[in-house]
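Note that the chains are named A, B, C and D in the order they appear, and that numbering of residues resets to 1 at the start of each chain.
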Amino acid sequence: MRVGVLTGGGDCPGLNAVIRGAVRKGVQEYAYEFVGYRDGWRGPLENDTVPLGIPAVRGILPRGGTILGSSRTNPLKAENGIRRIKDNLAKAEVDALIVIGGEDTLGVAARLHDEYGVNCVGVPKTIDNDLSATDYTFGFDTAVGIATEAIDRLHTTAESHMRVLVVEVMGRHAGWIALHSGLAGGANVILIPEQRFDVSQVCEWVTSRFRATYAPIVVVAEGAAPQDGDAVLKDGSLDSFGHVRLSGVGEWLANEIERRTGKEARTTVLGHVQRGGTPSAFDRWLATRFGLHAIDAVRDGDFGRMVALKGTDIVRVPIAEATAKLKTVDPELYAEVGVFFG
Amino acid sequence: MRVGVLTGGGDCPGLNAVIRGAVRKGVQEYAYEFVGYRDGWRGPLENDTVPLGIPAVRGILPRGGTILGSSRTNPLKAENGIRRIKDNLAKAEVDALIVIGGEDTLGVAARLHDEYGVNCVGVPKTIDNDLSATDYTFGFDTAVGIATEAIDRLHTTAESHMRVLVVEVMGRHAGWIALHSGLAGGANVILIPEQRFDVSQVCEWVTSRFRATYAPIVVVAEGAAPQDGDAVLKDGSLDSFGHVRLSGVGEWLANEIERRTGKEARTTVLGHVQRGGTPSAFDRWLATRFGLHAIDAVRDGDFGRMVALKGTDIVRVPIAEATAKLKTVDPELYAEVGVFFG
Amino acid sequence: MRVGVLTGGGDCPGLNAVIRGAVRKGVQEYAYEFVGYRDGWRGPLENDTVPLGIPAVRGILPRGGTILGSSRTNPLKAENGIRRIKDNLAKAEVDALIVIGGEDTLGVAARLHDEYGVNCVGVPKTIDNDLSATDYTFGFDTAVGIATEAIDRLHTTAESHMRVLVVEVMGRHAGWIALHSGLAGGANVILIPEQRFDVSQVCEWVTSRFRATYAPIVVVAEGAAPQDGDAVLKDGSLDSFGHVRLSGVGEWLANEIERRTGKEARTTVLGHVQRGGTPSAFDRWLATRFGLHAIDAVRDGDFGRMVALKGTDIVRVPIAEATAKLKTVDPELYAEVGVFFG
Amino acid sequence: MRVGVLTGGGDCPGLNAVIRGAVRKGVQEYAYEFVGYRDGWRGPLENDTVPLGIPAVRGILPRGGTILGSSRTNPLKAENGIRRIKDNLAKAEVDALIVIGGEDTLGVAARLHDEYGVNCVGVPKTIDNDLSATDYTFGFDTAVGIATEAIDRLHTTAESHMRVLVVEVMGRHAGWIALHSGLAGGANVILIPEQRFDVSQVCEWVTSRFRATYAPIVVVAEGAAPQDGDAVLKDGSLDSFGHVRLSGVGEWLANEIERRTGKEARTTVLGHVQRGGTPSAFDRWLATRFGLHAIDAVRDGDFGRMVALKGTDIVRVPIAEATAKLKTVDPELYAEVGVFFG
C-alpha cells in the first residue's frame, strides 16, 4: 500500500503532528509506504513529491508550519486539473491519499473521491475552528493561547495609561478566536463576524468600563463589521497580486472610539503571529490523533471520509457533509459571554 | 437570594475563573448576593466568611490558586459536621451553595443535598482529569501544557548527553496528564497507574531508542507502579503530619534503567509547578463557563446537580452519580498512543 | 524622612519592581515614610497622592504597568509648573523625590534639582534602551523577548507559504529592540532608525534568501526610514488628539517588496504588546536593584543623581548628563550583526 | 584556514548559537573551512568529526543543546591525551580550534595552547555563571527565566494551601541562579553555597512570613549547606557510574522546616529542565556575539585567549586567567538582596 499525503491552505500549528502520526503508525503497524506531495494540490497536479518515512517525521512534532509546504492551488481551476491528479496518482502507484486542509482543499478531495473514485481520507484544518462536523480543529487552541497572552499583556498598558486598546484577531467568517481569547483575556467587548456591531453600544461599554476605573480592551475579529457604515471598511486598494486589501476593522474602530468618546484608543493587529510557531499541547494531542485515525481509515478502506473530534473521541464523517456548512458562533453562546461586556 | 461559594481540595488553575463567572452573572443578571466561605468546608463549618461581590472578583481571571483559600477539612469527620454546616448556612441566610471541588468535596455536597436538603450545586475540579461525567476538568490543560514544555526542554539535554531522562508527572490514580503530556512532548515511553509496567519492556524501549541515535524520554505518572517489586516504591517514612511519603517512582525507575541498560539516567519531578500559576486559555474558558452555568443552575433551582462538559456543551448531571466512578485511561487509548513507544 | 515616588512617560515592565524595591528597603531598613504621586508629574502638580507602604507593594513584582499610573504631563508647559510642584512637595513635607522616567520626565527632575533645590533621585526608564549612561534600562529585555518569540513564530508561516514577513517593532530613534530581537529571532534583514535603508538592497537580501530556499523575515524599527522617498511614510492625518499618525514603515516596506520582487509580503506590527505584561527575570532583577539603590541615594543625600547599570554594578551619575545624549546603535555593532543579512 | 569547533561539559542553551555565529562569519567573510568535533574533547582525541558549514548551522539558533554533542571526556586523563589531540589536529590540517566549554574544558585548551602551541580560542560556557572574567555566560539567563517562571507558579499553590514551598535550583559552587531567580520570583528566603545557612534563621523567616498572612517560598541552590549537620546531606549511595548521589538539600530542608515550624512544606527540584530548550533572547544575543568574536580572534591570530562580556562589549582575556578563579556571589550583593527575606 502506497499512501500520499498533502497539506493545503493556510498553515496551522499541528500540521506536522498529523503527518507524523499517520506515517509512524502506517510504517510501523501496517508496513505502508508514503509519498509526500509538495504545496497542497500543486504536488499531485505537477507530480512534485518528497520522500516521506520515519526519518522525515523525526522531531517535527513541536514544529509549526508543514514539512510538505502548502499553497492555495485549486485544481478545479486548472485545465483538466482533477483528471491530471487522478492520472498522476495512478502513475505514482499511490493507492490512497490523505488530504489535510480546510473547506477548499477538502472540497477537491470530496470531488476526487465522489466523481473519480480516488481513495481520499480527509483531515480537517482551519485555524478559525469554523468547520462543522468537528468539535475543534487543531491550531485553534494555539491561536487562542497566543491571542490571550497578548491581551493579558495589553491590560497593563491599558490601565497604566487609561487608554482603550483594540485587538484585532483572526476570524473572517466566524468569531471563535475572538470569543475564546476575548473571554479568556478578560476583554470588555468582543465583536464577531456573526453579528454586526453597533458602534454606539461599543462606546457605551467603553465608557462604562472607564467609570469602573479600569481601561477597556476591545477584541474584534478581522471579519466583524459595524451595523452601518461598513463601506468605510473597504479599502479598495489592491495588493500586488490583485487581492483587495482588508481594511482593518481594528484601526477603523479605534478611530471611531476616539472620535466618539474622547478617549485615546490604540490598535494591535496580531496577524500571522497567531498561526505560527509550536503547537500547544492540546493541538499536538488532537493533530496526532487525527493522523493516527486517518491512517486507520485508509487501512479500513473507509474512503470519502474525514476524521473529526466528538467530545474526546475521534470519529469519521463524510467529507462532503463535513464541509457543507460553516460552523459559526451560536447567538446563545455569544449572549452567554456578553455578561462580561462593559 | 444569597449564594455561598467554597473551593475545596488541592488547588487548580481556573478556580478563580469559576468564582468570577458565577459572581459576575449572579450579581449583574440576577441581583444575587454572595458569601465567600474560606478554606473549603472549614468555612461553613466554622462560619468563616469573606465578602464576595464584583470588586472581589476583579482581575482574578488570570490568577492561579483560589481567592477563597482551600483545605482538605472533611466535615464528615467533624462531630456533627454536616449538621453544623446546615445550621451555619441557615443562620447566615444562605439559600444555595456552589461547591467547587473534587471527589471528596463533592461527596460532602451530595450528602448535604440528599440527606439534609441543602441547596447545593457542584462544579467539578480535579487537576488529574479523573472525574467521570465530564469530558475535561479545568486545570488539566494547564498542567499538561506545563509538563509538555518541560519535556520539550528535556529533549535537548537528553540528546546532547545521550542520557535517559525520566519525568515524573502528577496522576495518582489516573494517567491522563502523563498520557497527554507524554504524547504532546514526544516521549518514548509513557507509564500510567492504570497498567502496571514491565521494567524489562521499558529498558528495551530505551535501548531501541538509543539505537535510532536519539536519547529517550520516559514520562511516568506518580501513581504508576512496576508489575513486581513495587514494595521498593514504599518509602515507609512519615512526614511531620504522619502521612506516608510517596517513594518517587521516577527516581526508582531511573535507577533501574541505569542498572539494567548501563546508560546514565536522570529524573525530573515536576511537582507543584504543574498546578500553580495562570490558567491556560482553554482552562479559563472552561472554568468561566462552569461558573456561569453553576449560577444558572441555582437560578433554576436545579440542586444536587453538577455542571459538566460534554463536547462543547455545558450540561448538568447528578453530583452523586458524577463522582461515583474514577475516570481512568481506557486500555484502547493507551494502546493507540503506544505506537510512539520505543 | 518622607519620600515621594512617581512614574512618568510610557509604561515599561519593571516599574512596579522599582517602586517595591525602594519602598521595601526604605521602610524596613531606614524607617522612611512614602508618598505615591499619581500619573507622573501630574501628581505633584495637582497634589494627587496615594498611600504607599509595604501593603501597597505586596505582590506587585511580577505585574506590568505601574501602580502609580503614568502620564506625559509636562510641568514645564504648565503655568508656574515647577514652582507649584516645589510648593506642593513642601506642603506635603516630602523631603526627597524618586523620579522614574525617561528623557522628558528626568529632564524635569534635573531642573527641579538644579534650579529649585528639590531633592531628586532619578531612575532611568525607556523601553527603547536609548538612554546613555546606563548599559540597559528595564523593560527592554522583556520587549526584546516578546518580539523574539513573535519572530520565532513567524518563521514557520514564512516558510510554509514562501512569503516575506515584515515585523515592525518599537524604536523611534534607536534600533536596539530591532537589533536584539532581529538577531535573536534569526531575521534576514534588520532595519534601524540610525541608518537610512536602501530598498533595493533590502529586496536583494530578500531575493537571495529565497534562493537559499528559505523565506525571509525582515525586522524594521518603527522609526526606520528609506534613503529616499521617505515622504511616503508621512501619513499626514491627525488622530483625535491632533497627533500626526505614524505612517507604518512596515506596511509601506511590505508593499515595496511585493512590488519590486513579485513575492507576497505580509506585515505584523507588534505594537503595545511589547510593553505590557509581566517583566522578564532580567528586568525584575535590574528594576529591583534600581529601586534599592535609589533609596540608598536618598539616604546618602546624593541628589541630582540617577542610578544606572555599568556591567553588573549599579552606579550613580548626574541626571542631567545622563539624559543629554540619546544612546543609539553604533555603526560598528550594526555592521557586526549584518553578517546575518540576506 | 581550517577551523575546528568543539563543545564540552554540561549542555547550555546557546551552544548552537555560538557555533552558528562562528561558522556564518567564518565562511561568509573569511572563506574559512570548518570541522566539527563530536562530544567535546572525545572528538579530537578519537578523530571523530562531522561536516560543519552553512547548511549544518541553518535553523539551529533557537535550538537548545549542541549539534556537536558533548561529553566530560578529559584528555588529561587519557594516555598521551594532549599529544594525540595535537597529532590528530595536525593530520586533519586544522589550523585553529574554537573550544566552547567551562572550567575543565577550557583548562585543557589553555594547556594545549600554552604547552603544545595549539591555536586555541576559548568561549566560556557555564550555566551557573561562575566563570570569572565575563560578566555573564550564556544559558544563565535562560535558566534564571525558567526558575523564575516556576517560582511564579508556586506562589499560588503556596498561598492557596498556606504551605512552605522549597525550590531547589542549580548552583553547586555559586548561587547566581538562586539569587537571580529568587529575587525575580519574589522568594522569601534565598540560600546559596557561598554562605552556610542557619536553619533556625530560615524557620524564623518562614514563620514571620506566615504572620504577614502569606505563604513562603524558599529558594535553595543545590550546593547550599546548613551551618552544622551538613552530614545529613551526604547520601553516601553511589549511582551506577560510581558517583556519589547528591543528597537533595531541598528535600532535607523541607523536612527540617516541617519539623521545626509545624507547617507543611513541599519541595520542587527543577533539575535538568533549567538547562534545556530554546535559549532566551538575551542568551541568543550573547552566544551569537561570542561566536562572531571567537572567529575574529582566530582571524587575528589572537590565540590562548577567551572571549568575554564586559558591560555591553565583547573583549578577549587569557584563557588561563579567566578560569583561575570561580566567580561567586559577593557577600555585599547577598546582603543587598536580603532585604526581601522573611
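The rule is simple: a contact is a pair of C-beta atoms (placed from the backbone, for glycine too) under 8 Å apart; a residue touches a chain by one contact, two chains touch by 3 or more.
Chains and their UniProt names: A, B, C, D = Pyrophosphate--fructose 6-phosphate 1-phosphotransferase.
Being a predicted model, the structure only gives us computed values, none of them experimental.
Ranking all chains by how far their C-alpha centres lie from the centre of chain A, first place goes to D. Here the spacing of chain A and chain C, counted between their Cα centres, is 35 Å.
Centroids built from CA atoms put chain B at 30 Å from chain A. Remark: chain A and chain D have CA centroids separated by 41 Å (rounded to whole angstrom). Residues of chain C in contact with at least two other chains: 152. Screening every pair of chains for touch gives A-B, A-C, B-D, C-D.
Put simply, chain A touches chain B in their complex at residues 24-25, 28-29, 58-59, 61-62, 135-136, 141, 144-145, 147-148, 152, 180-181, 183-186, 214, 278, 280-282, 284-285, 288-289, 292, 310-312, 336, 339-340.
Listed in rising order, the residues of chain B touching chain D in the complex are 10-11, 13, 15, 63-66, 69-71, 146, 149-150, 152-162, 165, 239-241, 255, 258-259, 262, 264, 266-273, 275-277.
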